[in-house]
Amino acid sequence: MTTTAAGTTAPTGGDERSQASGQASPTHGGHGYAHQKDQHLKRLRRIEGQVRGLQRMVEEDVYCIDILTQVSAGTKALQSFALQLLEEHLRHCVASAAVESAAKEGDEGEDEVDAKVAEATAAIARLLRT
Amino acid sequence: MTTTAAGTTAPTGGDERSQASGQASPTHGGHGYAHQKDQHLKRLRRIEGQVRGLQRMVEEDVYCIDILTQVSAGTKALQSFALQLLEEHLRHCVASAAVESAAKEGDEGEDEVDAKVAEATAAIARLLRT
Amino acid sequence: MTTTAAGTTAPTGGDERSQASGQASPTHGGHGYAHQKDQHLKRLRRIEGQVRGLQRMVEEDVYCIDILTQVSAGTKALQSFALQLLEEHLRHCVASAAVESAAKEGDEGEDEVDAKVAEATAAIARLLRT
Amino acid sequence: MTTTAAGTTAPTGGDERSQASGQASPTHGGHGYAHQKDQHLKRLRRIEGQVRGLQRMVEEDVYCIDILTQVSAGTKALQSFALQLLEEHLRHCVASAAVESAAKEGDEGEDEVDAKVAEATAAIARLLRT
């Protein structure tokens, strides 16, 4: 159980669920990782709130342009989340694959790094093409 | 809350593009609009489900790259929603401003069309820059 | 080829946004259009210069990240150009189709507006998905 | 100007995706890099041609929507170039920083990897936000 987020005041903006569902992030390794996980969940709950806000706007016949502005905010928030995830992935998975590969003989380790990098690049391409 | 869409069968994934540009509601009256509103709400509820799916993935320590793929799907779905909204806006608000402006004397009506078009373009710019 | 813009001083970077949405050409006649055409060509020649700058950077083995920054600037400049073009298109083609349609009997004119709007939306979708 | 690629057969359009993520240069030495450099320059010259094509389209008053389609193609080509550059950067600079850092004592090397990853992520963010 992580107590990191329990005592903190939740960021505002439509994240009603964050108080209701006090889900436990199983501590996966060090304190730092659990902290990041809490941050990711907080971010995603805020995005969920933004999407529910969009539903309210549609139901209340809010002016199209104002809805579009809110959609842009939601897309931006999703992309910021993706960028943070990507940064952690490059730092941990790609970098550690490189270190492991350096300890191996021949091209075997190098191929693994290449595969990890190709995979990350394909993920970035998908983000760019949305 | 919204029971309007309860009895209809929700279109499943992959239909975003065809809806985004394509069929117009033949009737501009109340029924056509209500139909579009239902579609918008259904779409947004699906996106809300995608965002909740992302939370589950984070909680269950799913591999980063798979989460990123799901983020791309969410962003794409939000943009498809935005495109459909934009299309309706251009069809109804911008076009009707043009028709009204043509009935007016001098530059007054034209200024209104220019303002509507500038507003829509700014909204598109925000979508592009996210 | 084009000597029109030869003697004018080209506005330098950073002014794309203000041009993309904002001032309309006051005159819709020939002169206004010629003025816009000059602006478009100036913009495109600047983008051409940016792409040639990228070639120099690659030849001189400039640091990857600096090249990527320059690519972002080029993409942004292309999108600003697209937004300005789109704004003019909405102002002139879509709006005038709406006015013409209002003068026609029945659904014929409306179909034409719908077609123009669907076409513009598809173009925006292509810009978003790049 | 650049005669390096003159004798080779240029790959024609539509191959951007397959190049963006996929084959690695097996040799890290001079030849592999020179080969990539030629490919980059070929790609950029093609993009330069696309931008000049846009100028011709504007001069010949081609229909707006067709110009916008060509702009999308240019933006896509620039982003494919960026992705290939990014992939090489992750493979060489980021991975080698990780290997060097593993050989160092304490946090010094780790900070360097973090800095490289943060720099790459910022570059990706710039690409996404254009």
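The letters A, B, C and D name the chains in turn, as written, and every chain counts its residues from 1.
Just so we're on the same page, a residue touches a chain if its C-beta (ideal position, glycine included) is under 8 Å from a C-beta of that chain, and two chains touch if they have at least 3 such contacts.
In UniProt terms, the chains line up like this: A, B, C, D = Transcriptional regulator.
Just so you know, these numbers come straight off a predicted model, no measurement behind them.
Enquirer: Of the other chains, whose C-alpha centre is the longest way from the centre of subunit B?
Expert: D
Enquirer: If contact pairs are compared by residue number, which of A-B, B-C or C-D agrees with A-D in over half of them?
Expert: Equivalent contacts to A-D are found in B-C.
Enquirer: Using mean CA coordinates as chain centres, what's the gap between subunit A and subunit C in Å?
Expert: Once rounded, the distance between the two centres reads 34 Å.
Enquirer: Please tell me the distance, in whole Å, between the geometric centres of subunit C and subunit D computed from their C-alpha atoms.
Expert: Centre-to-centre distance between subunit C and subunit D: 24 Å.
Enquirer: Where does subunit A touch two or more other chains at once, residue-wise?
Expert: Subunit A, residues with two or more chain partners: 79, 86, 120, 127, 129-130.
Enquirer: Which residues, counting only subunit C, touch subunit D once they are in their complex?
Expert: Interface residues on subunit C, with respect to subunit D: 1-2, 37, 40-41, 44-45, 47-48, 51-52, 54-55, 58-59, 64-65, 67-69, 71-72, 74-76, 78-79, 81-82, 85-86, 88-89, 93, 119-120, 123, 126-127, 129-130.
Enquirer: Quick one: which bits of subunit B touch subunit C in the complex? Just the residue numbers, please.
Expert: Against subunit C, the touching part of subunit B is residues 17, 20-22, 24, 79, 83, 86-87, 90-91, 94-99, 101-102, 113-114, 117-118, 120-122, 124-125, 127-128.
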